[in-house]
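Each chain gets a letter, A, B, C and D, in the order it is written, and its residues are counted from 1.
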(Lines give C-alpha, C1' and ligand atoms only; values in the text may rest on other atoms or scores of the structure.)
Protein backbone atom coordinates (compact mmCIF):
# COMPACT_ATOMS: atom_id res chain seq x y z
CA UNK A 1 0.00 0.00 0.00
CA UNK A 2 1.61 3.31 -1.02
CA UNK A 3 2.06 6.10 1.50
CA UNK A 4 -0.11 9.18 1.79
CA UNK A 5 1.11 12.21 -0.16
CA UNK A 6 -1.23 14.54 1.80
CA UNK A 7 -2.67 14.14 5.29
CA UNK A 8 -5.91 15.70 6.59
CA UNK A 9 -4.21 19.00 7.47
CA UNK A 10 -2.61 19.29 4.02
CA UNK A 11 -5.96 18.52 2.34
CA UNK A 12 -7.68 21.23 4.40
CA UNK A 13 -5.08 23.81 3.34
CA UNK A 14 -5.41 22.74 -0.29
CA UNK A 15 -9.22 23.08 -0.25
CA UNK A 16 -8.95 26.49 1.44
CA UNK A 17 -6.56 27.75 -1.25
CA UNK A 18 -8.11 26.18 -4.34
CA UNK A 19 -11.82 25.72 -3.55
CA UNK A 20 -12.61 28.34 -0.89
CA UNK A 21 -16.36 28.10 -1.66
CA UNK A 22 -16.28 24.33 -0.99
CA UNK A 23 -13.94 24.31 1.99
CA UNK A 24 -16.43 25.70 4.47
CA UNK A 25 -19.11 23.18 3.50
CA UNK A 26 -17.34 19.96 4.52
CA UNK A 27 -15.20 18.70 7.41
CA UNK A 28 -12.36 16.24 6.69
CA UNK A 29 -12.49 13.82 9.58
CA UNK A 30 -9.74 11.32 8.75
CA UNK A 31 -7.57 10.11 5.89
CA UNK A 32 -5.71 6.83 5.42
CA UNK A 33 -4.20 5.10 2.38
CA UNK A 34 -7.08 4.60 -0.13
CA UNK A 35 -9.63 5.81 2.47
CA UNK A 36 -11.21 8.99 3.80
CA UNK A 37 -14.05 10.06 6.09
CA UNK A 38 -15.70 13.40 5.33
CA UNK A 39 -18.65 15.05 7.12
CA UNK A 40 -21.38 17.36 5.84
CA UNK A 41 -22.54 19.56 8.72
CA UNK A 42 -26.21 19.75 7.79
CA UNK A 43 -27.57 23.31 7.55
CA UNK A 44 -30.87 24.84 6.50
CA UNK A 45 -29.74 25.15 2.88
CA UNK A 46 -29.40 21.34 2.63
CA UNK A 47 -32.89 20.55 3.88
CA UNK A 48 -36.03 19.65 1.98
CA UNK A 49 -39.67 19.65 3.08
CA UNK A 50 -40.42 16.69 5.33
CA UNK A 51 -37.26 17.17 7.38
CA UNK A 52 -34.75 15.47 5.10
CA UNK A 53 -31.46 16.31 3.36
CA UNK A 54 -31.50 17.03 -0.38
CA UNK A 55 -30.12 14.58 -2.95
CA UNK A 56 -27.71 17.13 -4.46
CA UNK A 57 -26.18 17.68 -0.98
CA UNK A 58 -25.48 13.95 -0.68
CA UNK A 59 -24.09 13.83 -4.21
CA UNK A 60 -21.78 16.76 -3.38
CA UNK A 61 -20.57 14.99 -0.22
CA UNK A 62 -19.77 11.75 -2.09
CA UNK A 63 -18.05 13.65 -4.89
CA UNK A 64 -15.78 15.71 -2.63
CA UNK A 65 -15.02 12.65 -0.50
CA UNK A 66 -13.64 10.64 -3.43
CA UNK A 67 -11.77 13.70 -4.72
CA UNK A 68 -10.02 14.15 -1.36
CA UNK A 69 -9.18 10.42 -1.09
CA UNK A 70 -7.52 10.62 -4.52
CA UNK A 71 -5.60 13.82 -3.70
CA UNK A 72 -4.34 12.22 -0.50
CA UNK A 73 -2.71 9.50 -2.63
CA UNK A 74 -1.46 11.48 -5.64
CA UNK A 75 -0.69 14.88 -4.16
CA UNK A 76 -1.90 18.41 -4.86
CA UNK A 77 -0.71 18.60 -8.45
CA UNK A 78 -3.28 16.30 -9.98
CA UNK A 79 -6.31 17.72 -11.74
CA UNK A 80 -8.82 14.92 -11.23
CA UNK A 81 -12.19 15.29 -12.97
CA UNK A 82 -15.40 13.39 -12.14
CA UNK A 83 -16.48 11.42 -15.21
CA UNK A 84 -19.35 9.42 -13.74
CA UNK A 85 -21.41 8.66 -10.67
CA UNK A 86 -24.05 6.16 -9.71
CA UNK A 87 -25.88 6.76 -6.47
CA UNK A 88 -28.68 4.91 -4.64
CA UNK A 89 -30.77 6.79 -2.09
CA UNK A 90 -31.90 4.15 0.37
CA UNK A 91 -33.32 5.84 3.45
CA UNK A 92 -34.44 9.32 4.46
CA UNK A 93 -31.56 11.08 6.25
CA UNK A 94 -32.34 12.62 9.61
CA UNK A 95 -32.38 16.41 9.19
CA UNK A 96 -31.12 16.84 12.76
CA UNK A 97 -27.91 14.84 12.25
CA UNK A 98 -24.79 15.55 10.20
CA UNK A 99 -24.04 13.23 7.29
CA UNK A 100 -20.88 11.10 7.31
CA UNK A 101 -19.30 9.71 4.12
CA UNK A 102 -16.93 6.75 4.30
CA UNK A 103 -14.87 6.61 1.13
CA UNK A 104 -12.82 3.67 -0.13
CA UNK A 105 -10.77 3.87 -3.31
CA UNK A 106 -11.17 0.54 -5.11
CA UNK A 107 -8.88 1.46 -7.98
CA UNK A 108 -6.25 4.11 -8.55
CA UNK A 109 -4.83 3.58 -12.02
CA UNK A 110 -2.83 5.86 -14.25
CA UNK A 111 -5.91 7.17 -16.08
CA UNK A 112 -8.92 6.19 -13.97
CA UNK A 113 -9.83 6.01 -10.29
CA UNK A 114 -12.94 4.40 -8.79
CA UNK A 115 -14.23 5.26 -5.34
CA UNK A 116 -16.99 3.63 -3.30
CA UNK A 117 -18.94 5.67 -0.73
CA UNK A 118 -21.38 4.89 2.05
CA UNK A 119 -23.27 7.80 3.59
CA UNK A 120 -24.98 7.60 6.98
CA UNK A 121 -26.53 9.95 9.52
CA UNK A 122 -24.16 10.58 12.43
CA UNK A 123 -24.74 7.89 15.05
CA UNK A 124 -26.42 5.40 12.65
CA UNK A 125 -23.65 3.74 10.59
CA UNK A 126 -25.57 0.46 10.40
CA UNK A 127 -28.39 2.07 8.40
CA UNK A 128 -26.72 3.79 5.40
CA UNK A 129 -28.87 6.49 3.79
CA UNK A 130 -27.05 6.32 0.45
CA UNK A 131 -24.33 4.50 -1.44
CA UNK A 132 -22.41 5.92 -4.36
CA UNK A 133 -19.61 5.00 -6.72
CA UNK A 134 -17.67 7.65 -8.58
CA UNK A 135 -15.22 7.49 -11.45
CA UNK A 136 -12.52 10.11 -11.86
CA UNK A 137 -10.31 10.71 -14.86
CA UNK A 138 -6.70 11.48 -13.96
CA UNK A 139 -5.12 13.61 -16.69
CA UNK A 140 -1.50 12.88 -17.42
CA UNK A 141 0.51 15.45 -15.49
CA UNK B 1 -50.39 8.99 -24.52
CA UNK B 2 -52.17 10.32 -21.41
CA UNK B 3 -52.88 14.03 -21.03
CA UNK B 4 -50.89 16.44 -18.89
CA UNK B 5 -52.25 16.90 -15.36
CA UNK B 6 -50.13 20.06 -14.87
CA UNK B 7 -48.78 22.49 -17.46
CA UNK B 8 -45.69 24.71 -17.06
CA UNK B 9 -47.62 27.45 -15.24
CA UNK B 10 -49.13 24.95 -12.77
CA UNK B 11 -45.69 23.42 -12.12
CA UNK B 12 -44.23 26.88 -11.42
CA UNK B 13 -46.96 27.62 -8.88
CA UNK B 14 -46.45 24.21 -7.25
CA UNK B 15 -42.68 24.74 -6.91
CA UNK B 16 -43.22 28.23 -5.51
CA UNK B 17 -45.62 26.91 -2.84
CA UNK B 18 -43.86 23.65 -1.90
CA UNK B 19 -40.15 24.21 -2.65
CA UNK B 20 -39.62 27.97 -2.45
CA UNK B 21 -35.85 27.50 -2.01
CA UNK B 22 -35.68 25.48 -5.27
CA UNK B 23 -38.13 27.53 -7.33
CA UNK B 24 -35.81 30.49 -7.88
CA UNK B 25 -32.94 28.25 -9.04
CA UNK B 26 -34.52 26.77 -12.17
CA UNK B 27 -36.65 27.92 -15.10
CA UNK B 28 -39.29 25.59 -16.53
CA UNK B 29 -39.10 26.13 -20.26
CA UNK B 30 -41.65 23.68 -21.65
CA UNK B 31 -43.65 20.60 -20.71
CA UNK B 32 -45.26 17.95 -22.90
CA UNK B 33 -46.56 14.43 -22.20
CA UNK B 34 -43.60 12.43 -20.83
CA UNK B 35 -41.21 15.34 -21.58
CA UNK B 36 -39.87 18.54 -20.05
CA UNK B 37 -37.19 21.15 -20.68
CA UNK B 38 -35.73 22.90 -17.64
CA UNK B 39 -32.96 25.53 -17.52
CA UNK B 40 -30.35 26.28 -14.86
CA UNK B 41 -29.42 29.96 -15.11
CA UNK B 42 -25.73 29.65 -14.23
CA UNK B 43 -24.64 31.90 -11.37
CA UNK B 44 -21.41 32.36 -9.44
CA UNK B 45 -22.45 29.82 -6.84
CA UNK B 46 -22.53 27.07 -9.51
CA UNK B 47 -19.03 27.71 -10.83
CA UNK B 48 -15.77 25.89 -10.14
CA UNK B 49 -12.17 26.95 -10.77
CA UNK B 50 -11.29 26.71 -14.44
CA UNK B 51 -14.55 28.36 -15.53
CA UNK B 52 -16.88 25.38 -15.38
CA UNK B 53 -20.16 24.40 -13.70
CA UNK B 54 -20.05 22.09 -10.67
CA UNK B 55 -21.18 18.47 -10.82
CA UNK B 56 -23.71 18.87 -7.99
CA UNK B 57 -25.38 21.73 -9.93
CA UNK B 58 -25.83 19.43 -12.94
CA UNK B 59 -27.11 16.63 -10.72
CA UNK B 60 -29.64 19.02 -9.16
CA UNK B 61 -30.82 20.14 -12.60
CA UNK B 62 -31.34 16.55 -13.82
CA UNK B 63 -33.10 15.61 -10.59
CA UNK B 64 -35.56 18.50 -10.61
CA UNK B 65 -36.19 18.02 -14.34
CA UNK B 66 -37.34 14.41 -13.93
CA UNK B 67 -39.37 15.35 -10.85
CA UNK B 68 -41.25 18.02 -12.80
CA UNK B 69 -41.85 15.71 -15.78
CA UNK B 70 -43.41 13.17 -13.39
CA UNK B 71 -45.56 15.77 -11.62
CA UNK B 72 -46.81 17.01 -14.98
CA UNK B 73 -48.18 13.51 -15.63
CA UNK B 74 -49.47 12.50 -12.19
CA UNK B 75 -50.50 15.83 -10.67
CA UNK B 76 -49.52 17.71 -7.53
CA UNK B 77 -50.64 15.08 -5.01
CA UNK B 78 -47.88 12.56 -5.63
CA UNK B 79 -44.88 12.42 -3.33
CA UNK B 80 -42.21 11.10 -5.70
CA UNK B 81 -38.83 10.28 -4.16
CA UNK B 82 -35.51 9.85 -6.03
CA UNK B 83 -34.21 6.32 -5.42
CA UNK B 84 -31.25 6.28 -7.79
CA UNK B 85 -29.25 8.21 -10.36
CA UNK B 86 -26.47 7.44 -12.78
CA UNK B 87 -24.78 10.37 -14.45
CA UNK B 88 -21.93 10.70 -16.94
CA UNK B 89 -20.06 13.98 -17.18
CA UNK B 90 -18.82 14.12 -20.77
CA UNK B 91 -17.62 17.64 -21.50
CA UNK B 92 -16.76 20.79 -19.56
CA UNK B 93 -19.80 23.10 -19.53
CA UNK B 94 -19.21 26.68 -20.59
CA UNK B 95 -19.41 28.89 -17.46
CA UNK B 96 -20.82 31.75 -19.55
CA UNK B 97 -23.87 29.82 -20.82
CA UNK B 98 -26.97 28.57 -19.02
CA UNK B 99 -27.48 24.82 -18.83
CA UNK B 100 -30.48 23.19 -20.52
CA UNK B 101 -31.86 19.79 -19.49
CA UNK B 102 -34.05 17.81 -21.89
CA UNK B 103 -35.99 15.21 -19.93
CA UNK B 104 -37.80 12.19 -21.35
CA UNK B 105 -39.77 9.81 -19.15
CA UNK B 106 -39.09 6.29 -20.42
CA UNK B 107 -41.34 4.60 -17.89
CA UNK B 108 -44.12 5.76 -15.62
CA UNK B 109 -45.40 2.73 -13.74
CA UNK B 110 -47.49 2.44 -10.63
CA UNK B 111 -44.45 2.15 -8.33
CA UNK B 112 -41.43 3.28 -10.37
CA UNK B 113 -40.63 5.97 -12.92
CA UNK B 114 -37.47 6.21 -15.03
CA UNK B 115 -36.33 9.45 -16.66
CA UNK B 116 -33.54 10.08 -19.14
CA UNK B 117 -31.81 13.47 -19.28
CA UNK B 118 -29.41 15.19 -21.66
CA UNK B 119 -27.76 18.38 -20.45
CA UNK B 120 -26.15 20.89 -22.79
CA UNK B 121 -24.85 24.45 -22.67
CA UNK B 122 -27.34 26.89 -24.22
CA UNK B 123 -26.64 27.10 -27.94
CA UNK B 124 -24.74 23.79 -28.15
CA UNK B 125 -27.34 20.96 -28.10
CA UNK B 126 -25.19 18.78 -30.36
CA UNK B 127 -22.42 18.51 -27.77
CA UNK B 128 -24.11 17.32 -24.52
CA UNK B 129 -22.10 18.03 -21.37
CA UNK B 130 -23.81 15.30 -19.34
CA UNK B 131 -26.34 12.52 -19.52
CA UNK B 132 -28.26 11.15 -16.56
CA UNK B 133 -30.93 8.61 -15.77
CA UNK B 134 -32.98 8.84 -12.61
CA UNK B 135 -35.33 6.44 -10.89
CA UNK B 136 -38.18 7.69 -8.75
CA UNK B 137 -40.34 5.71 -6.37
CA UNK B 138 -44.02 6.65 -6.51
CA UNK B 139 -45.66 5.92 -3.16
CA UNK B 140 -49.20 4.66 -3.32
CA UNK B 141 -51.41 7.66 -2.70
CA UNK C 1 -19.15 14.55 -38.16
CA UNK C 2 -16.22 12.26 -39.03
CA UNK C 3 -16.63 9.47 -41.59
CA UNK C 4 -17.07 5.78 -40.78
CA UNK C 5 -13.85 3.77 -40.68
CA UNK C 6 -15.80 0.47 -40.85
CA UNK C 7 -19.24 -0.22 -42.33
CA UNK C 8 -21.59 -3.05 -41.30
CA UNK C 9 -19.89 -5.57 -43.58
CA UNK C 10 -16.43 -4.72 -42.23
CA UNK C 11 -17.70 -5.00 -38.64
CA UNK C 12 -19.19 -8.43 -39.37
CA UNK C 13 -15.87 -9.68 -40.77
CA UNK C 14 -14.00 -8.25 -37.78
CA UNK C 15 -16.32 -9.98 -35.27
CA UNK C 16 -16.03 -13.27 -37.18
CA UNK C 17 -12.23 -13.12 -37.06
CA UNK C 18 -11.69 -11.78 -33.55
CA UNK C 19 -14.77 -12.87 -31.54
CA UNK C 20 -16.10 -15.97 -33.30
CA UNK C 21 -18.05 -17.00 -30.17
CA UNK C 22 -19.84 -13.62 -30.12
CA UNK C 23 -20.35 -13.19 -33.85
CA UNK C 24 -23.13 -15.77 -34.16
CA UNK C 25 -25.10 -14.29 -31.25
CA UNK C 26 -25.86 -10.86 -32.69
CA UNK C 27 -26.93 -9.35 -36.01
CA UNK C 28 -25.55 -5.95 -37.05
CA UNK C 29 -28.50 -4.22 -38.67
CA UNK C 30 -27.10 -0.80 -39.55
CA UNK C 31 -24.24 1.56 -38.79
CA UNK C 32 -23.96 5.32 -39.22
CA UNK C 33 -21.58 7.94 -37.78
CA UNK C 34 -21.88 7.72 -33.97
CA UNK C 35 -24.82 5.28 -34.29
CA UNK C 36 -25.54 1.57 -34.66
CA UNK C 37 -28.50 -0.81 -34.52
CA UNK C 38 -27.80 -4.37 -33.36
CA UNK C 39 -30.27 -7.24 -32.90
CA UNK C 40 -30.27 -10.17 -30.49
CA UNK C 41 -32.15 -13.06 -32.10
CA UNK C 42 -33.77 -14.45 -28.94
CA UNK C 43 -33.15 -18.17 -28.40
CA UNK C 44 -33.97 -20.64 -25.65
CA UNK C 45 -30.67 -19.95 -23.88
CA UNK C 46 -31.70 -16.29 -23.34
CA UNK C 47 -35.04 -17.05 -21.75
CA UNK C 48 -36.07 -17.10 -18.11
CA UNK C 49 -39.12 -18.60 -16.43
CA UNK C 50 -42.22 -16.52 -17.07
CA UNK C 51 -41.42 -16.12 -20.76
CA UNK C 52 -38.93 -13.27 -20.59
CA UNK C 53 -35.36 -12.54 -21.70
CA UNK C 54 -32.58 -12.64 -19.09
CA UNK C 55 -30.85 -9.50 -17.81
CA UNK C 56 -27.35 -10.72 -18.77
CA UNK C 57 -28.55 -11.18 -22.38
CA UNK C 58 -29.70 -7.56 -22.48
CA UNK C 59 -26.46 -6.39 -20.89
CA UNK C 60 -24.47 -8.34 -23.51
CA UNK C 61 -26.50 -6.77 -26.33
CA UNK C 62 -25.94 -3.22 -25.03
CA UNK C 63 -22.23 -3.90 -24.48
CA UNK C 64 -21.56 -5.29 -27.96
CA UNK C 65 -23.66 -2.53 -29.54
CA UNK C 66 -21.55 0.27 -28.06
CA UNK C 67 -18.34 -1.64 -28.88
CA UNK C 68 -19.36 -1.91 -32.55
CA UNK C 69 -20.39 1.77 -32.73
CA UNK C 70 -16.93 2.71 -31.43
CA UNK C 71 -15.09 0.38 -33.81
CA UNK C 72 -17.06 1.82 -36.73
CA UNK C 73 -15.58 5.23 -35.88
CA UNK C 74 -12.00 4.34 -34.88
CA UNK C 75 -11.31 1.27 -36.99
CA UNK C 76 -10.27 -2.30 -36.21
CA UNK C 77 -6.99 -1.48 -34.48
CA UNK C 78 -8.42 -0.09 -31.26
CA UNK C 79 -8.63 -2.23 -28.16
CA UNK C 80 -11.61 -0.67 -26.40
CA UNK C 81 -12.43 -1.98 -22.91
CA UNK C 82 -15.74 -1.55 -21.05
CA UNK C 83 -15.06 0.32 -17.81
CA UNK C 84 -18.60 0.86 -16.60
CA UNK C 85 -22.29 0.34 -17.29
CA UNK C 86 -25.53 1.50 -15.79
CA UNK C 87 -28.68 -0.22 -16.97
CA UNK C 88 -32.37 0.15 -16.10
CA UNK C 89 -34.73 -2.72 -16.80
CA UNK C 90 -38.09 -1.09 -17.37
CA UNK C 91 -40.46 -3.66 -18.89
CA UNK C 92 -40.57 -7.41 -19.39
CA UNK C 93 -39.32 -8.24 -22.91
CA UNK C 94 -41.53 -10.47 -25.01
CA UNK C 95 -39.86 -13.90 -25.27
CA UNK C 96 -41.32 -14.37 -28.75
CA UNK C 97 -39.69 -11.26 -30.25
CA UNK C 98 -36.07 -10.45 -31.02
CA UNK C 99 -34.46 -7.60 -29.10
CA UNK C 100 -33.26 -4.47 -30.91
CA UNK C 101 -30.62 -2.13 -29.49
CA UNK C 102 -30.33 1.43 -30.78
CA UNK C 103 -26.91 2.81 -29.88
CA UNK C 104 -25.85 6.45 -29.90
CA UNK C 105 -22.31 7.53 -29.07
CA UNK C 106 -22.57 10.70 -26.99
CA UNK C 107 -18.84 11.16 -26.62
CA UNK C 108 -15.80 9.78 -28.42
CA UNK C 109 -12.76 11.34 -26.80
CA UNK C 110 -9.12 10.33 -26.92
CA UNK C 111 -9.34 8.27 -23.72
CA UNK C 112 -13.05 7.72 -23.03
CA UNK C 113 -16.19 6.97 -25.02
CA UNK C 114 -19.77 7.09 -23.73
CA UNK C 115 -22.62 5.29 -25.46
CA UNK C 116 -26.35 5.44 -24.81
CA UNK C 117 -28.57 2.45 -25.64
CA UNK C 118 -32.31 1.86 -25.86
CA UNK C 119 -33.47 -1.75 -26.11
CA UNK C 120 -36.93 -2.74 -27.35
CA UNK C 121 -38.76 -5.85 -28.49
CA UNK C 122 -39.01 -6.00 -32.28
CA UNK C 123 -42.14 -4.16 -33.34
CA UNK C 124 -42.51 -2.13 -30.11
CA UNK C 125 -39.95 0.72 -30.26
CA UNK C 126 -42.25 3.05 -28.33
CA UNK C 127 -42.10 0.86 -25.20
CA UNK C 128 -38.37 0.36 -24.45
CA UNK C 129 -37.64 -2.66 -22.24
CA UNK C 130 -34.26 -1.30 -21.06
CA UNK C 131 -31.93 1.65 -21.28
CA UNK C 132 -28.21 1.50 -20.70
CA UNK C 133 -25.18 3.75 -20.78
CA UNK C 134 -21.70 2.33 -21.16
CA UNK C 135 -18.26 3.83 -20.75
CA UNK C 136 -15.31 2.49 -22.70
CA UNK C 137 -11.64 3.21 -22.14
CA UNK C 138 -9.69 3.69 -25.35
CA UNK C 139 -6.05 2.74 -24.82
CA UNK C 140 -3.54 4.85 -26.68
CA UNK C 141 -2.62 2.92 -29.81
CA UNK D 1 -31.10 -8.52 12.23
CA UNK D 2 -33.84 -10.87 11.03
CA UNK D 3 -33.18 -14.60 10.69
CA UNK D 4 -32.50 -16.44 7.43
CA UNK D 5 -35.57 -17.91 5.74
CA UNK D 6 -33.40 -20.09 3.47
CA UNK D 7 -29.88 -21.41 4.03
CA UNK D 8 -27.37 -22.37 1.31
CA UNK D 9 -28.83 -25.87 0.90
CA UNK D 10 -32.38 -24.52 0.54
CA UNK D 11 -31.21 -21.95 -2.02
CA UNK D 12 -29.46 -24.66 -4.07
CA UNK D 13 -32.65 -26.74 -4.15
CA UNK D 14 -34.70 -23.70 -5.13
CA UNK D 15 -32.34 -22.83 -8.03
CA UNK D 16 -32.36 -26.44 -9.22
CA UNK D 17 -36.17 -26.51 -9.29
CA UNK D 18 -36.90 -23.05 -10.64
CA UNK D 19 -33.85 -22.07 -12.70
CA UNK D 20 -32.25 -25.34 -13.82
CA UNK D 21 -30.34 -23.57 -16.60
CA UNK D 22 -28.77 -21.17 -14.06
CA UNK D 23 -28.16 -23.63 -11.24
CA UNK D 24 -25.21 -25.39 -12.88
CA UNK D 25 -23.44 -22.11 -13.65
CA UNK D 26 -22.87 -20.86 -10.09
CA UNK D 27 -21.79 -22.26 -6.73
CA UNK D 28 -23.36 -20.87 -3.55
CA UNK D 29 -20.51 -20.74 -1.09
CA UNK D 30 -22.08 -19.21 2.01
CA UNK D 31 -25.13 -17.28 3.17
CA UNK D 32 -25.64 -15.11 6.25
CA UNK D 33 -28.23 -12.48 7.17
CA UNK D 34 -28.03 -9.75 4.48
CA UNK D 35 -24.93 -11.42 2.97
CA UNK D 36 -23.95 -14.10 0.47
CA UNK D 37 -20.85 -15.39 -1.30
CA UNK D 38 -21.34 -16.93 -4.75
CA UNK D 39 -18.69 -18.32 -7.13
CA UNK D 40 -18.58 -18.47 -10.92
CA UNK D 41 -16.47 -21.47 -11.95
CA UNK D 42 -14.85 -19.94 -15.04
CA UNK D 43 -15.25 -22.03 -18.19
CA UNK D 44 -14.34 -21.56 -21.85
CA UNK D 45 -17.72 -20.01 -22.60
CA UNK D 46 -16.97 -17.11 -20.19
CA UNK D 47 -13.62 -16.17 -21.72
CA UNK D 48 -12.71 -13.43 -24.15
CA UNK D 49 -9.61 -12.96 -26.31
CA UNK D 50 -6.64 -11.85 -24.24
CA UNK D 51 -7.35 -14.40 -21.52
CA UNK D 52 -10.02 -12.57 -19.57
CA UNK D 53 -13.60 -13.15 -18.39
CA UNK D 54 -16.45 -11.45 -20.28
CA UNK D 55 -18.40 -8.53 -18.85
CA UNK D 56 -21.79 -10.28 -19.22
CA UNK D 57 -20.46 -13.20 -17.14
CA UNK D 58 -19.55 -10.80 -14.32
CA UNK D 59 -22.91 -9.06 -14.62
CA UNK D 60 -24.69 -12.44 -14.39
CA UNK D 61 -22.67 -13.35 -11.28
CA UNK D 62 -23.51 -10.08 -9.51
CA UNK D 63 -27.17 -10.36 -10.49
CA UNK D 64 -27.63 -13.91 -9.24
CA UNK D 65 -25.68 -13.13 -6.06
CA UNK D 66 -28.03 -10.32 -5.02
CA UNK D 67 -31.06 -12.40 -6.00
CA UNK D 68 -29.92 -15.24 -3.73
CA UNK D 69 -29.14 -12.89 -0.83
CA UNK D 70 -32.69 -11.51 -1.10
CA UNK D 71 -34.30 -14.96 -1.31
CA UNK D 72 -32.35 -16.04 1.77
CA UNK D 73 -34.07 -13.24 3.70
CA UNK D 74 -37.60 -13.32 2.26
CA UNK D 75 -38.05 -16.97 1.35
CA UNK D 76 -38.86 -18.83 -1.86
CA UNK D 77 -42.26 -17.26 -2.51
CA UNK D 78 -41.05 -13.83 -3.54
CA UNK D 79 -40.75 -12.93 -7.20
CA UNK D 80 -37.94 -10.37 -7.11
CA UNK D 81 -37.13 -8.58 -10.39
CA UNK D 82 -33.92 -6.68 -11.23
CA UNK D 83 -34.82 -3.07 -12.00
CA UNK D 84 -31.35 -1.58 -12.29
CA UNK D 85 -27.62 -2.20 -12.11
CA UNK D 86 -24.51 -0.09 -12.15
CA UNK D 87 -21.22 -1.89 -12.55
CA UNK D 88 -17.59 -0.76 -12.75
CA UNK D 89 -15.03 -3.03 -14.37
CA UNK D 90 -11.76 -2.16 -12.66
CA UNK D 91 -9.19 -4.83 -13.49
CA UNK D 92 -8.81 -7.69 -15.96
CA UNK D 93 -9.90 -10.94 -14.27
CA UNK D 94 -7.48 -13.84 -14.46
CA UNK D 95 -8.92 -16.41 -16.90
CA UNK D 96 -7.33 -19.23 -14.89
CA UNK D 97 -9.12 -18.40 -11.62
CA UNK D 98 -12.77 -18.68 -10.61
CA UNK D 99 -14.60 -15.45 -9.80
CA UNK D 100 -15.95 -14.81 -6.30
CA UNK D 101 -18.79 -12.37 -5.58
CA UNK D 102 -19.27 -10.99 -2.07
CA UNK D 103 -22.80 -9.64 -1.75
CA UNK D 104 -24.10 -7.30 0.94
CA UNK D 105 -27.72 -6.19 1.08
CA UNK D 106 -27.74 -2.52 2.07
CA UNK D 107 -31.51 -2.20 2.05
CA UNK D 108 -34.38 -4.65 2.13
CA UNK D 109 -37.58 -2.63 2.14
CA UNK D 110 -41.13 -3.63 1.35
CA UNK D 111 -40.86 -2.59 -2.31
CA UNK D 112 -37.15 -2.18 -3.06
CA UNK D 113 -33.91 -3.96 -2.20
CA UNK D 114 -30.39 -2.68 -2.87
CA UNK D 115 -27.36 -4.97 -2.98
CA UNK D 116 -23.68 -4.13 -3.17
CA UNK D 117 -21.25 -6.59 -4.79
CA UNK D 118 -17.47 -6.90 -4.98
CA UNK D 119 -16.07 -9.42 -7.47
CA UNK D 120 -12.52 -10.77 -7.26
CA UNK D 121 -10.45 -13.57 -8.77
CA UNK D 122 -10.09 -16.48 -6.36
CA UNK D 123 -7.05 -15.83 -4.18
CA UNK D 124 -6.91 -12.06 -4.83
CA UNK D 125 -9.64 -10.43 -2.65
CA UNK D 126 -7.55 -7.30 -2.15
CA UNK D 127 -7.67 -6.42 -5.86
CA UNK D 128 -11.36 -6.46 -6.86
CA UNK D 129 -11.98 -6.86 -10.60
CA UNK D 130 -15.44 -5.31 -10.47
CA UNK D 131 -17.96 -3.65 -8.19
CA UNK D 132 -21.68 -3.57 -8.80
CA UNK D 133 -24.85 -2.34 -7.17
CA UNK D 134 -28.21 -3.80 -8.07
CA UNK D 135 -31.76 -2.73 -7.35
CA UNK D 136 -34.56 -5.25 -7.13
CA UNK D 137 -38.28 -4.62 -7.07
CA UNK D 138 -40.16 -6.81 -4.63
CA UNK D 139 -43.75 -7.29 -5.81
CA UNK D 140 -46.36 -7.44 -3.09
CA UNK D 141 -47.11 -11.11 -2.54
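Here is the rule we go by: contacts are C-beta pairs under 8 Å (C-beta built on N, C-alpha and C of every residue); 3 or more make two chains touch, one makes a residue touch a chain.
Values in this document were obtained by computation on a predicted structure and should not be read as measured data.
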Superposing rotation of chain A relative to chain B, computed on C-alpha atoms, to nearest 5°: 180
Between chain D and chain C, distance of the C-alpha-averaged centres to the nearest whole Å: 24
For chain B paired with chain D, centre-to-centre distance based on mean C-alpha positions, whole Å: 33
Chain D, residues touching no fewer than two other chains: 83-84, 86, 88, 90, 135
Chain contact topology (line, ring, star, complete or other): complete
Residues of chain A defined as touching chain B within the complex: 18-19, 21, 45, 48-49, 54-57, 59-60, 63, 81-90
Contacting residues of chain A [partner chain D, same complex]: 86, 88, 90-91, 106-107, 114, 116, 118, 128, 131, 133, 135
Parts of chain B lying in touch with chain D, wherever the complex brings them together: 83-84, 86, 111-112, 135, 137
